[in-house]
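These are the structures, in structure tokens.
Each of the next two complexes has subunit A plus one more chain, namely subunit B in the first and subunit C in the second.
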Partner chain A sequence: MITRFVHFFGSLRLTLVCLGLALVLVFAGTLAQVHLGLYVVQSEFFRSFFIYWKPAGTHWQIPIFPGGWLIGTALLMNLLAAHIVRFHFSRRKLGLLIVHAGLLLLLGGFFISEILQVESQMRLEIGETKSYAEDSRRNELVVIDVTDPDRDNVVAVPESRLEQGGEIRPEGLPFSLRVKRYLPNSQPAGPMSGAGEKIKAANGVGQRMLFSPAPVVSRMDDENKPAAWIEIAAGQEVIGNWTVSTWLTKRPWCIALTEQFGALGIAVNAPQSFTWRGRNYVIALRPTRYYKPYTITLLEFKHDVYAGTDVPSNFSSKVHLRDPARGEDRDVVIRMNSPLRYGGETYYQASFEPGDRVSILQVVHNPAAMVPYVSCSLIIVGLMAQFFTHLLAFVRRRARPPAPASARLRPLVHAELMNDA
Partner chain B sequence: MKKWIPWLVAAVFAGWFAAGTITPKAGEGFDLAGFGRLPVLLNGRVQPFDSVARNALLSMSGRSTTRSAEGKTISATQWLLETMTNPTLADQRKIFRVQHPDLQGLLGADKSGLLYYSWKDLSGCLDTLEEQAAKLQAAESREGEDAAKLRTPFQKDLLHLYDSAALYNRLRQNFALDSSYAYVMAVPPLPGAPRQAWSAVAAAAARGPHPALEFFRAMSIAYQQNDPASFNRAVAGYRGWMQENNLAAELSKGGQEFFFNQIEPFYKSMVIYVAAVILGCVFWINLSEPVRRTGFALLVVAFLIHTVGLGFRMYLEGRPPVTNLYSSAIFIGWGAAALGLVLERIFKGGIGLVASGLIGFSTLIIAHHLALSGDTMEMLRAVLDTNLWLATHVVVITLGYASMFVAGLLAAIYIVRGFFTRGLSTETARGLARMVYGIVCFATLTSFAGTILGGIWADQSWGRFWGWDPKENGALLIVLWNAMILHARWGGVIKERGLMAMAVFGNIVTSFSWFGVNMLGVGLHAYGFMDKALFWLIAFDVSQAVLIAAALAPTRFWASFNRAPASPQSAG
Partner chain C sequence: MAFRRDGFLSRVSAVIQSISRLQRFVAVTVGVCGAVGQCAAADSIAAYSAPKDPPALTQVAAQAPAPGVQNGAPPIGWTTPAGWTELPATVIRIGNFLVPGEGGKKAEVAISSFPGAVGTEFDNVNRWRREIGLEPIQPDGISSKSMTVAGLEGKLYEFAGESENTVVGSLPREGRTWFFKLRGDKNVVDAAKPAFLEFLKTIHFNGSDAPIDQAAPVAKEAGEPDWTVPANWEPTPAGSMILKSFSVTGEGGQKAKITVSTFPGKVGGVLSNVNRWRAQLGLGPISAAELPGVTEPLPAAGAEAILVCINNTNMPAGHASSLIAAMAPREASTWFYKLSGDSRVVAREKEAFVKFVASVRYHEP
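== the complex of A and B ==
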């Protein structure tokens, strides 16, 4: 039984089927980006076990095609099994062995990266110092105890928890949070706006700044701007209710909102604070923050263009890195194709804001970042070894007088190699 | 005698190319070459007037020369000079190409077909044109960024004409002292100013006197008054002044690029490739060895000229060979020709000859059409501005494309000769199969290495080894397809004809990766969105599908293998 199982997984036909499915998947996933956008395609096609068809108007999910995870796993098992079942070491096969070892490492490292890689962004104005980066997609609800002027105590709840609704009792807070309404995407509505569902809070900005639901967007450049109506209560005692939204905290949305509603006297980006039992708190929905044990200060941002055009020739940020614990205190220039690697993270020059005073750095944390380099070197070495062994053999054969026809009709070397099970 | 024929023919073609390297002497007339060499700044780079003129004329009319009313050929440089100094004459040159019948109707044409208009012809309807273009642009800005991809042929032609008219209008004002619309920055920096601090004529005039302005004025007046002697004096005087004022480097850059434009290496090698392909096909019919050797000699000449062009471009740009879609076409042709030469040298069956000649010719044709969209030596955006990755990732992946096309074309030759003619012997078939297999191996190596290098570049520049971007996916498709071919071959799932069918499908995969993904208009690599090519891409893919169908047809439908019973190995 086990032998049959291993033989099935080690078969060359399975390799072919998997490669074929991967080919179709990648092709479909490329075309689908035109309508769905990169982000959705990544999660539905490549980072999934199945691609589902969801008939409109139902909650059904019908798997119609294997996703990236499934095909990748199958290929990985196929590769392992094939080597267990039938690979016998010989010098001629050394190249292929190296190639497949490299592939194994590449696929493995790829899985690890997909699971563990965290991408965030650090937005720095010239002169600004930060010790955290912000997630560009995930958000968190935070309640910050700001009573102590030297130290903020932050309690964060991921946005995904708000989606479930109900009552949240986060550790470290003397009260609980009730999600009265959660909008995965929202649009602002002024105090004078017309009918339709809106959330209106009793306290804070939300008294006059209302939000109504908006369709969820999925394209890479689009962004959902969630809003939630949160009631804070300690047991039976209701402390108040507030509207929180990334509209109020995240650039450039809060700037757009200020331009639109600032004239009405609504302080859009003022912190929403309250006091309870002598302690002061601030509540907000903001991009998830990742704190670092070091700080980065933007000293200078350069955006050069070619003479007489607006084609950029260079972007670079000169930053100051300070990490007292490790004695780092130095200037670094981050530019295109030349990132800063520090503390297990890599900082890339990603973007900037008009006016050239704000630089946006992409921060990537990927514990498997070096795996592709190793595996790729292996594969390329293996491929070259294999290719040149054959080329050499070919050249030698040609140098010799032609062999009798029967000898030349021998099938290719590889056929023996893969079939000698 | 027969021994010398290949050399003689090759020498004739080489002489044809060499003749192009000699610049005609100005003699009594205007020193147009001297003017064409003068450097100006445009698109962020120093280039000669000749390049400005050629690129502008190509984008407006699709041709690099124009004609006078009497039918005399006018070079691009002369046309530009006229446009800048003698608008009354220039306005009568028919340089605006209009294709769409509706647009021709709008302009008041009384016949149809491909029509060329002059500025004078257009002058009555410029307002209509502007109004229509403004309406379209307003509608598109309401619809969002995707709207521009959905333009109808009429709208595209309308905008092309509108852009051409705007460009012409700017070219006319290059030497105007009171206009802010000049197209080029013709006035070089004075000694002491930064090297890149060129300015337009009007801007320089507003700042005060500048020697270049005096020379330009003298050239303008002399050309208007048909006074070659004064014109040539002004050109020579300006060159002398540049020489003395720290602009010798710019001057020689202008001269070199002028020379490059003049020798037209890609056009000439294209013609010679065609000749080589014809000789290869003749060889298949009459099996005359001198014909094959002549074809081979021509292929060598074409390849050398192609190499000269490629090398010259690299020197002018100071870059590795591939920097944009245009240069990728040039390089694919070059790589394929190199592979074909090696194959022909080894196997001597005319197959390498025909394959490399055909690919060399087709890719240069593609490059020619890509050049219609403007300057092919444009400056690189910041993220691409790295010679290390351009030299490794881009070159290797492009070699991968080239080898895929060679394998696919060899397979196509196998299918065409085997299915439609009786000329494919079992021996040749086996030789072709070995070539295809070997090249697929090479393509696997280069595509894989190229893809991986791209991943490493991506990791270096935006922190993701792999992002499922369309161009990355396109490269992955090639790698996956190659892996499938090799595993199917090793496992004995396919034999000779199966290998051929798969190699031909490789053409479809590669054409999607090279061109198709750019047409999707999404992703970080979408640097060359063009939809005119969509028709040709689909036509190409359909033709390949037909070949695959033929390859999969049972051998009894094949013309070749039915004469004698085919050996068991060659029947798939």
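== the complex of A and C ==
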């Protein structure tokens, strides 16, 4: 039974089936992006073990096709099992061994990247210095103790925790946070704008700037703007309640609101603050931040175009990198194909804002970033080793001196003699 | 035979060894996956110390002058009555006062200013009533007195709640609406009312505050489009959320207004906007299944553009009883065009409105 199991996983047939399924998956996933958007397809088709069908009006989830993780895992096991069942070490197969080790490393590295890679963005105006990047998809509820004149003490609650509702008692805060309402997507509403549910807070900008639920979106060119109604209480004592939303903190939405809500707009992106037992706090829902132990200042942004046209030929950001702990204090130019690699992170020139005063850098943190290079190198070395092993054997055979004609004839003569005997 | 048995045993032994190696591999893989999974489970509450944000837009905005303040000087002036404490202005309150009463009771006086009409009288009155715990009333139950502030005619409303009273004056001026509100404990408000009315007489405006409207335009994501405006439409001051506004008058003096606005994103989609418009005419929401029955495509305004016509002849006099709206989703924003008002004027202007919407030419960002 176990033998059959191992042989099943080691079979070439399984390899072909997995590759076939992967082809279908990629094709179907590409088509599905039209309606579902990139991020939903990534999570439901490729970052899952199964693709589920959810019949309308039910909570059922019926698996209808293997997902990317299942196919990838099957291929990984297939490769390993094939080695275990069939592999016999010999010098002639050293190249193949290295090629397969490279493939395994590639699959393993991909798995690690899937889980540990973090992508974020750093938006810098000319002259601006930042020590953090912001996630373009994830958000966090932050309660910041801003009393200290030099540094802030931040307690960050991921948005996924707000979805669960209820009471949150973060360590480091002398009070608890009660999620009275969470809207995964919201739209601003005035007090006089029609009927329907609206979040209205007792404190802060949420007294006048209301939010109503909006359908969750998944398209690439749109994004959800969550809002939450948070009550802060110390035991039985309610300190107040506030509305928080990325509408109030994230560009370009907060700018659009500031413009559109006129007089109210001035308060839109002002910090929502309160005082409790002599300490000052600010509450906000903002894009998740990733702080760095160094700072980056945008010195210059260039947006070159081909002569006589508006077609961009090059974007580049001249930044100043400052890391006192490591003695770094230098200027760096980041171009489209020439990123800055520092502190385990890679800064790519990703975008800019009209006016050429704002540069947007894509920040990629990937502990397995080198794995594809190493694995591809291994595969190249393995293929070359395999090629040269065979080439050498072939050359050796060719280089061997031909046997004398008498020696070649002798067995024949002997055989003929035997036949006659 | 013996040879065959040896071969069989050696193959069994090899398979067992292979399985053993496989088990070791699975154990190691599971261990690594677990460790990586633990590392990846960073989606938890974090507490850390961080450098303060450098002065950025948020701080600049917080330090920006209060609404209605131009060049550092407020466009309005007053004489504070004796006994009132003048408090710092806020982003909403241009004037902010505390009126003390007996036994620690108090009332507040607030002066605020907003672009446009800030909703209808019906909306505002019921908002003020809700603030002091009163039930909403119907439009025909609204009563007000006239008041004069800085030579301009306005309306004065009074509301008596269970524990709180409100006296509020509303004054339209140069495309904005100014509100002067005294609200707080019943007894304190009653006692302070004469002083409040005297206070209103001291109000004066310093020059024009019209540029504020222009300072709060709708998003210029794609710039203001080009369009052909019918000759009988008269431009009117736009509000904070309105890019352009026009009015049109019927033969009997009935009015209808046309507004153009734009918002980023999908703004809730078609259904929620249709229900929002229905609510404006006092009608209940409809379901998604009913949507095709009330909307029609408007291809001249874009592939996804729709036109919706809503009527409610039971609306009280003075309220819009008919509404035609066009919604044109663009790449990163949605444009809204609305014709609302007297049903006869709306019906007459429908064709011109559709032509106007079809004439819009957006500028690429």
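We take it that the second predicted complex is superposed on the first by the 364 of 421 C-alpha atoms of A that agree within 3 Å, B and C clash if a C-alpha of one lies under 4 Å from a C-alpha of the other, contacts with A are read in each partner's own complex, and residues count from 1 in each chain.
FYI, a contact is a pair of C-beta atoms (placed from the backbone, for glycine too) under 8 Å apart; a residue touches a chain by one contact, two chains touch by 3 or more.
None of these values were measured; they are calculated from a predicted model.
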Could you look at A:253 and tell me whether it touches subunit B, subunit C, both or neither (first, second, both, neither)? second
If you stack the two complexes on chain A, which partner ends up touching A:84: first (subunit B), second (subunit C), both, or neither? second
So in the superposed three-chain picture, is A:343 touching just subunit B, just subunit C, both, or none of them (first/second/both/neither)? neither
Between subunit B (first) and subunit C (second), which, if any, makes contact with A:240: first, second, both or neither? neither
Partner chain(s) touched by A:373 [first = subunit B, second = subunit C, both, neither]: first
Quick check on the complex: what are the subunit A residues that touch subunit C? 2-3, 6, 80-81, 84-85, 111-112, 115-116, 128-132, 146, 150-158, 160-161, 168, 170-172, 187, 190-196, 208, 212, 214-215, 217, 221-223, 225, 252-256, 258-271, 289, 291, 354
The subunit B residues in contact with subunit A across the complex are 41-45, 185, 196-198, 346, 378-379, 381-383, 385-386, 389, 430, 437-438, 441-442, 444-445, 448-449, 452, 455-457, 459-470, 473-474, 476-477, 480-481, 483-484, 486-493, 512, 517, 520-523, 567, 569
Sort out for me which residues of subunit A touch subunit B in the complex. 12-13, 15-16, 19-20, 22-23, 26-27, 29-31, 33-34, 38, 41-42, 46, 110, 113, 119, 305-309, 311-315, 336-339, 346, 348, 350, 362-364, 366, 369, 372-373, 376, 379-380, 383-384, 386-387, 390-391, 394, 398, 408-409, 411-412, 414-415, 417-419
Given the complex with subunit A, which residues does subunit C contribute to the contact? 15, 18-19, 21-22, 25, 33, 36-37, 39-40, 43-54, 56-58, 61-62, 64, 66-68, 91-92, 112-115, 118-120, 123-124, 127, 212-213, 216-221, 239-241, 263-269, 272, 275-277, 279-280, 285, 331-332, 365
